[in-house]
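Dumping the structure here so I can ask a few things about it.
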Amino acid sequence: MIRHVYQHRVRYRECDPMGMVYHAHYVDYLEAARTETLRALGLPYRELEAAGIIMPVVALSLRFIQPAYYDDLLDIVTMIRELPRARLFLDYEVRRHETQELLATGQVTLCFVDRARNRPIRAPKVLLDVLQQALAPSLSTDGQPKRSCLPK
Amino acid sequence: MIRHVYQHRVRYRECDPMGMVYHAHYVDYLEAARTETLRALGLPYRELEAAGIIMPVVALSLRFIQPAYYDDLLDIVTMIRELPRARLFLDYEVRRHETQELLATGQVTLCFVDRARNRPIRAPKVLLDVLQQALAPSLSTDGQPKRSCLPK
Amino acid sequence: MIRHVYQHRVRYRECDPMGMVYHAHYVDYLEAARTETLRALGLPYRELEAAGIIMPVVALSLRFIQPAYYDDLLDIVTMIRELPRARLFLDYEVRRHETQELLATGQVTLCFVDRARNRPIRAPKVLLDVLQQALAPSLSTDGQPKRSCLPK
Amino acid sequence: MIRHVYQHRVRYRECDPMGMVYHAHYVDYLEAARTETLRALGLPYRELEAAGIIMPVVALSLRFIQPAYYDDLLDIVTMIRELPRARLFLDYEVRRHETQELLATGQVTLCFVDRARNRPIRAPKVLLDVLQQALAPSLSTDGQPKRSCLPK
């Protein structure tokens, strides 16, 4: 399993009159965590877009367990358990950094689109390569992605 | 079933470099649609809060089928199928108004919290009353909620 | 002067732990008001973009006088006082609809960019025409823009 | 002068169909930069709120010079030049980290409100103390705030 932790400090604008993070902002947290996971794997999303591939979100779900509060430092944990074919499945946990309490869980499904032809495609080889390397760490010899994307 | 349609015009700030609505904004659309559904039923959320009851989101899911584009007029359809006990379940459809194409579907689950005691409670009677009246239209004689929340 | 009123209902997600609208959202209100002003003048921004012209914001300022609260209905008043050359200047007032209290004032400056060449240009003729007609109402005979953009 | 640099990575959700950061998000960048400036000075905003003091924004202005793009790393520079009395004035620069190009400048004015009485007050002593220490570095002997808030 690929596992990456992205940290986010809760901002004032993200908190609602109940004094807690408004639920929609978790969707933004997951996006930032996803982007940083890809970067840690050595594949910035910007490069995928430059190669003509976009990855729209086709489904997402969130379950809210405990509230996050203003100025909390959050750990957003991204997990990838399998190689994508037509879709990439990501699992998430949001935890309060200090206590590691589980605040929310999430799932996001992405697909792959060839921007020029505006058609869905299979997962591009460049992505499969970095994911395969990170998912099968015994096969990777330089280990560079292991630093921030710890395989378990 | 309670069914309410809320209209939203897609704003520039909601569109991403792919030229389509960024997925997180649908969560905001659902919130606005929910608020207007309650208002149409005769129960503004502001009054619930004033009565010490808050309704946090405990779960949400979204499936994205077709993109929405800048300046599109959207129909956000809220559906309530059953009376809540500890949780209120809402179903959503997002459609392009002009063509009625289905762009996304969603589900949101709310719970009820007594703000003073910070404890979950059952659905408050004031909400059950308006929902029951709208869900069982044959029992309602004045029909006021029927105007904008058409029972089917 | 061109004057157009756009109405916005304050959403929960826009309110902060102080219980009032978080200041950044006023920038979004102004954008929506601007878009609807252009539409009321008969020139949807979408058509300008389709013609290859984009109008980036080059400056904005806001002064906050009184807070807006959850579920308030707001009047966002857009005012255009002069024909643009290289820049279009817009003035705004945000008022609580019910009481007409002045909550905020704003100014936004837009420029015009030819998207293909990525270069600043003068205000396009199609925009000058609709603005001139609305600014000099005695010259307009059909009066269509007067309905929602009352010249004073 | 107090000067603090906060870094922000541009997110996909912040970019518009022009492919650049939508202007409203700069307001959010300034808020995060302001919060981290206070934290670096040793005075988290959360502690001010806990002490019953809120600091609403009373005015803001932004000038946009060059666009920021997706995935850019930005330096948001907060500058405080003088001790506040009834108002705290902050100046900002937004620069592309890599090139140090100036992308935007901003000013934000905050006031101080006693939350219990809902009345404006003068700058609280706890804030004046940390600002004075940082503004007059020769008087500070421990130098702790100098690490991240370099006086010039």
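Every chain is named by a letter (A, B, C and D) in the order it is written, and numbering of its residues begins at 1.
The rule is short, and it goes like this: contacts are C-beta pairs under 8 Å (C-beta built on N, C-alpha and C of every residue); 3 or more make two chains touch, one makes a residue touch a chain.
Remember, it's a predicted structure, so these values are computed and weren't measured experimentally.
In terms of the distance between Cα centroids, chain D is separated most widely from B. More C-beta pairs touch across one of A-B and B-D than the other; that pair is A-B. Fitting chain A to chain D on Cα positions gives a rotation angle of 180°, stated in steps of 5. Rounded to a whole number, the gap between the C-alpha centres of chain A and chain B is 28 angstrom. Centres computed as Cα averages put chain B at a distance of 37 Å from chain D. In chain C, the residues that reach two or more other chains under the touch definition are 12-13, 17, 24, 28, 31, 49, 70.
Those residues of chain C that touch chain D in the complex are listed here as 17-18, 20, 23-24, 27-28, 31, 49, 54, 56-64, 67. Chain A contributes residues 12-13, 15-17, 19, 22, 24, 70 to its touches with chain C in the complex.
Considering their complex, residues 9, 11-13, 28, 31-32, 35, 44-46, 49, 70-71 of chain A touch chain D.
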